[in-house]
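Right after this note come the structures.
In the two assemblies presented below, subunit A is common to both, partnered first by subunit B and then by subunit C.
Coming up: the complex of A and B.
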């Protein structure tokens, strides 16, 4: 690149974040994963002694946020803990292992992409597994976060990629949750409502995916009910019809005594362990990402969003495209609902109301429209934030909405909008930008 | 027959609340093409502001500072609360909607949703979780009209709401401001170029809508004197559905759909167990939308207006 003579080469934007970004710019994803893995192993070994040493009541569960907010006197200790266990080791390992990890990543990239991805995902899972192994609370938070990622990605298909405003996701989740729960309870659990199990219990975990898919298909069928009337015309009527649908589903379940009515449905078997939820989240990400990058899927949906008539002229079957997209999104919402029911091992219809809708919409619009990576960021940020701000009690519900309003004002389409999710780019080795100049 | 008429009276009263709230949604929707999801909570805030004003006036009256009959307190409460709530509406517009004028419409819907949550939470933080009782302002009388029992409160509620709706209709049809609003609803891209300030019109739309919601809140407080911070959710979403059901840009449509919502709810509860109320009400609305996808009085609009 030609620089104007006589000036220093442009260093790009200054500021702490930008400088940090440059400092770590040589580190590939592999180095970050290694750093995180080391940090969680450190916490496993020295977490408790260090916490006692720093005067913390117990190991901070969510990076010290909860402790710092509930007892301001412990802020220095919590900060020191996070610095010593997470920030410092990750920074050091990431920086030092950068070059080696780059070579390793280069070697990995020469192998089939599947191998590369599996290696990275394995490292990620190991990190999460060790991190969450300390307490049941972390496991639960992690599972719910992963489920939120699935739901957010699937709602982004409609509100982002398709550019319409759908309010029915809690309804789809409810359909999936009840569908999968009924499947499990009917076939594998001896309970009051459905009687003795129809199949031997050892088959259960193997057929769990079938139950989840069944839940997803039920949600897709529900989506068809919305899609047939609302995609004849374009406009805001999807918002109303989907809203009505959400209330209908909730009310229907409340009135169905066979699935427990307003009391809800419990005693789902404990099949949704961390590996299962993780694998489902990865599969959802993979399939949704493939879908939005396919010509007949996401590209067509985007074309319909941007100009329906032009898309029609370009031989896109607009109505079919919209319906397929909508049902595909509903399917994943249903799967997420099924996982949700099996993680909590109890569902009731009140869960799937306006509050859930606000939550999911917030995640989609916070993370960014038309972007898989944005959905992941939005879902993870808001899930973790809403857990971390728990000590603030109801003021949490002032801070999170305010944050979202600010995001909307300064980035109306969300933090990371309209970005393609490219696995190769994320996992590829990083060149040192200094060498390029 | 008497039973039917009795329920008709109840439905008229119940529908008045929906219609008054739906007007606010409908005006914002027709002029700015926005879903003002904060409106249900503005209704709640209006009810609480009315509660505060009424309690204050009652306290003043009981100290002997001023002597006022109950109906005068009610009238004053309504007027003062309309002003205060319209300021709240304008603040909501200024904070949540104006900065997003050029942004996708859905983003503004999200800020509205979030402002609604903030209003609920602030109320919860200020007033605590327990419900409050709206002061008892007017003596209740029951009239027996051939077996149909009508209270003076019911008559007042229906008369005030219908009066306000007619006033709003006249305002929009007859005045220059109303004309500006209609022009903005017709084309909010070109009309600002002709010298009509979109900010003024938007602010006024929010103010009027919020004032109507405040009236609905106070009338609700008079009829059912228990307020809780989540009352806006229950009424707001149904009124929102009614507003869109009425058709874009139609005051008449929103009013009718609001009353229809009240009728459906009361009559469903009359025939079926009340747990089925939402199910049947929303199913009927879904059916109506299938056959009239643009609502009662709406018409299809061009594709340039999109989320």
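Coming up: the complex of A and C.
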């Protein structure tokens, strides 16, 4: 970074965001988590009285956006609520606890990394759990957001890391959703299609991961069908073949009476609770991050994307690399599909169409190519935004694409592209750069 | 038995005969040169030997094993390293990642290791990194190991490509115009590096070059290729004084 020369000590850029960034620069991730935890506890205790006091009909569900948009007169109240419950407590705690949290983070970093990660994840989960405990709507939004995170990361493997345009992710999700649903219904549920359960019901929750993995493997198999013809060449072929694949899967399911045809498949058991979805999202992030940082996996995929001929000449087995990456991505899309089916407890083929594709692609390109953290940011932002803007009805579909266009103009590869996800760096204590003599 | 042996290799692109009855035998530690006017088929010969194209006729043998019909990555893993005429670097990867990547075929931890990140994988990645850093030091680009490769000056990019090719542990190294587009200073440095590679690692080098100064100084034997056929082969002095070579480069004297 270029340091401007001059006698006045450099204060850096003076924008509002930059000032805010400096104000909180001494706070580690731990301090933020503590702040958020306090905020959600505050909301639990004083949320309802405060909402009544401010004249709000009920506790705002998604940071006041829904209320503000459906009844503009309540905007000041909604803003006051968010300020009092979330913004102020988080800001105060994060700033005040910064030094203490830094010492705690330092102590944590001396322990095995696993312990540190578990502590942080535990705090994060506790926050999410308390936040979502207020209503079923929040729980559902949260679960769907976590699933979107998995799907976005897995699509980023193909569109970002491998640099080929794939449109088949809804198809993979459908395969996973139906695979896992059939597994659950066949073995553990007494329903009209598959008849009496084959295994005792108490075994169900324990075998749920097996069902999800089975769904993921079905999706991987589907990926193999696409990969064999399309990876002989480069260019637009994959986009065309994978788009066709998505439609084939959809109409195949529509015409398969054994899985309910166009009516869909319902009465999946209620196994995908918040902890389950959270754990699967964490596992997905961990495995995908492992993969993209390995020479054998993600780095080889990058090399194939940037120059395939050079990769071959440097002993990289390019075909195997592309195949494994594509099937790995499909696997996680399948797992996400399985979770999706068990969260909604109903799937039908119409869900996995072009609109789903547009959503996932938007999340990948908004968040940033070739970046795990970008995918998380993209998926969370767009999921929450699309829920929060719901009162605008049709205008929602103008605002979100507009946002996407702006990102494409100012940051063509997405918000946080080509960034490595480094757990140690995120969790480590921060030095305060402004504490100079 | 020679290390690398090419027998009567011929290649057609459709009806065009790009290479005709090409022969080569390279001994360990030897530096060989291939010169010729533009379009003579020099790079095609590289591509035929490294498996990018499959020769229409003839055989390529490394250590007695035929390479014809293998995938380029299999040929590279058996010991034919190469650099490219127009730098072919990976634009989003760091210098260190380039050299680590070239050890792909030697990675032992397998895809399970890639997915689950075992301790064995971490140790192996560290070992790969250590070896990569050694090569970067040898090429004098270790200071910029974490930089994106596009941020480097041209000469340094060439050296990264060289380090990358060496990381595949080749028995024969193919250099396709290693000094193309270099200024005299960079040229001198590159010649030093080629000598160093030959002396320290002791591998055979086969290079295509336009700059006769470099070829004449470095190579022990030189072939001259014109329209896909070798018209002359010999030591630098023999080549320099060969009338056929002079004709190919300068044209025939037509003044009466």
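To be clear about the criterion, the second predicted complex is superposed on the first by the 428 of 437 C-alpha atoms of A that agree within 3 Å, B and C clash if a C-alpha of one lies under 4 Å from a C-alpha of the other, contacts with A are read in each partner's own complex, and residues count from 1 in each chain.
The rule is short, and it goes like this: a residue touches a chain if its C-beta (ideal position, glycine included) is under 8 Å from a C-beta of that chain, and two chains touch if they have at least 3 such contacts.
Just so we're clear, the structure is a prediction, and the values are computed from it rather than from any experiment.
**Student:** Here subunit A is shared; do subunit B and subunit C fit on it together or clash?
**Tutor:** These partners fit in the superposed model.
**Student:** Between subunit B (first) and subunit C (second), which, if any, makes contact with A:402: first, second, both or neither?
**Tutor:** A:402 sits against subunit B, while subunit C stays out of touch.
**Student:** Should A:362 be classified as contacting the first partner (subunit B), the second (subunit C), both, or neither?
**Tutor:** A:362: touches subunit B, not subunit C.
**Student:** Identify the partner contact of A:291: answer first if only subunit B is touched, second if only subunit C is, both if each is, neither if none is.
**Tutor:** second
**Student:** Determine, under the contact definition given at the top, whether A:309 touches first (subunit B), second (subunit C), both, or neither.
**Tutor:** Both subunit B and subunit C are touched by A:309.
**Student:** Does the superposition put A:300 against subunit B (first), subunit C (second), both, or neither?
**Tutor:** second
**Student:** Report the partner of subunit A that touches more of its residues: subunit B or subunit C.
**Tutor:** B
**Student:** Applying the document's definition of touch, where does A:317 land relative to subunit B and subunit C: first, second, both, or neither?
**Tutor:** second
**Student:** According to the stated criteria, A:418 is in contact with first (subunit B), second (subunit C), both, or neither; which is it?
**Tutor:** second
**Student:** Taking the superposed arrangement, what is the smallest distance in Å from a C-alpha atom of subunit B to one of subunit C?
**Tutor:** Superposed on chain A, the two chains' closest C-alpha atoms are separated by 11 Å.
**Student:** Under the contact rule defined above, give the subunit A residues that sit at the interface with subunit B and also at the interface with subunit C.
**Tutor:** Common to the two interfaces on subunit A: residues 305, 307, 309.
**Student:** Would you tell me which residues of subunit C are touching subunit A in their complex?
**Tutor:** 50, 52, 71-73, 76-77, 81-82, 84, 88-93, 97, 100-107, 109-111, 113-117, 121, 125, 128, 164-165, 167-168
**Student:** Give the list of subunit B residues in touch with subunit A in this complex.
**Tutor:** Residue list for subunit B touching subunit A: 35, 95-96, 99-100, 102-104, 106-111, 113-115, 117-118, 120-122, 124-125, 233, 237, 240-241, 244-245, 275-279, 282-283, 285-286, 289-290, 293-294, 300-301, 303, 306-307.
**Student:** Quick check: in the complex, which residue numbers of subunit A touch subunit B?
**Tutor:** Listed in rising order, the residues are 159, 163-165, 229-230, 232-237, 239-241, 243-245, 247-248, 250-252, 254-255, 262, 305, 307-309, 354, 358, 361-362, 365, 369, 394-395, 397-398, 401-402, 404-405, 408-409, 412-413.
**Student:** Name, in rising order, each residue of subunit A that touches subunit C in their complex.
**Tutor:** For this pair, the touching residues of subunit A are 287, 290-291, 294-297, 299-300, 302-303, 305-307, 309-318, 324, 328, 370, 418.
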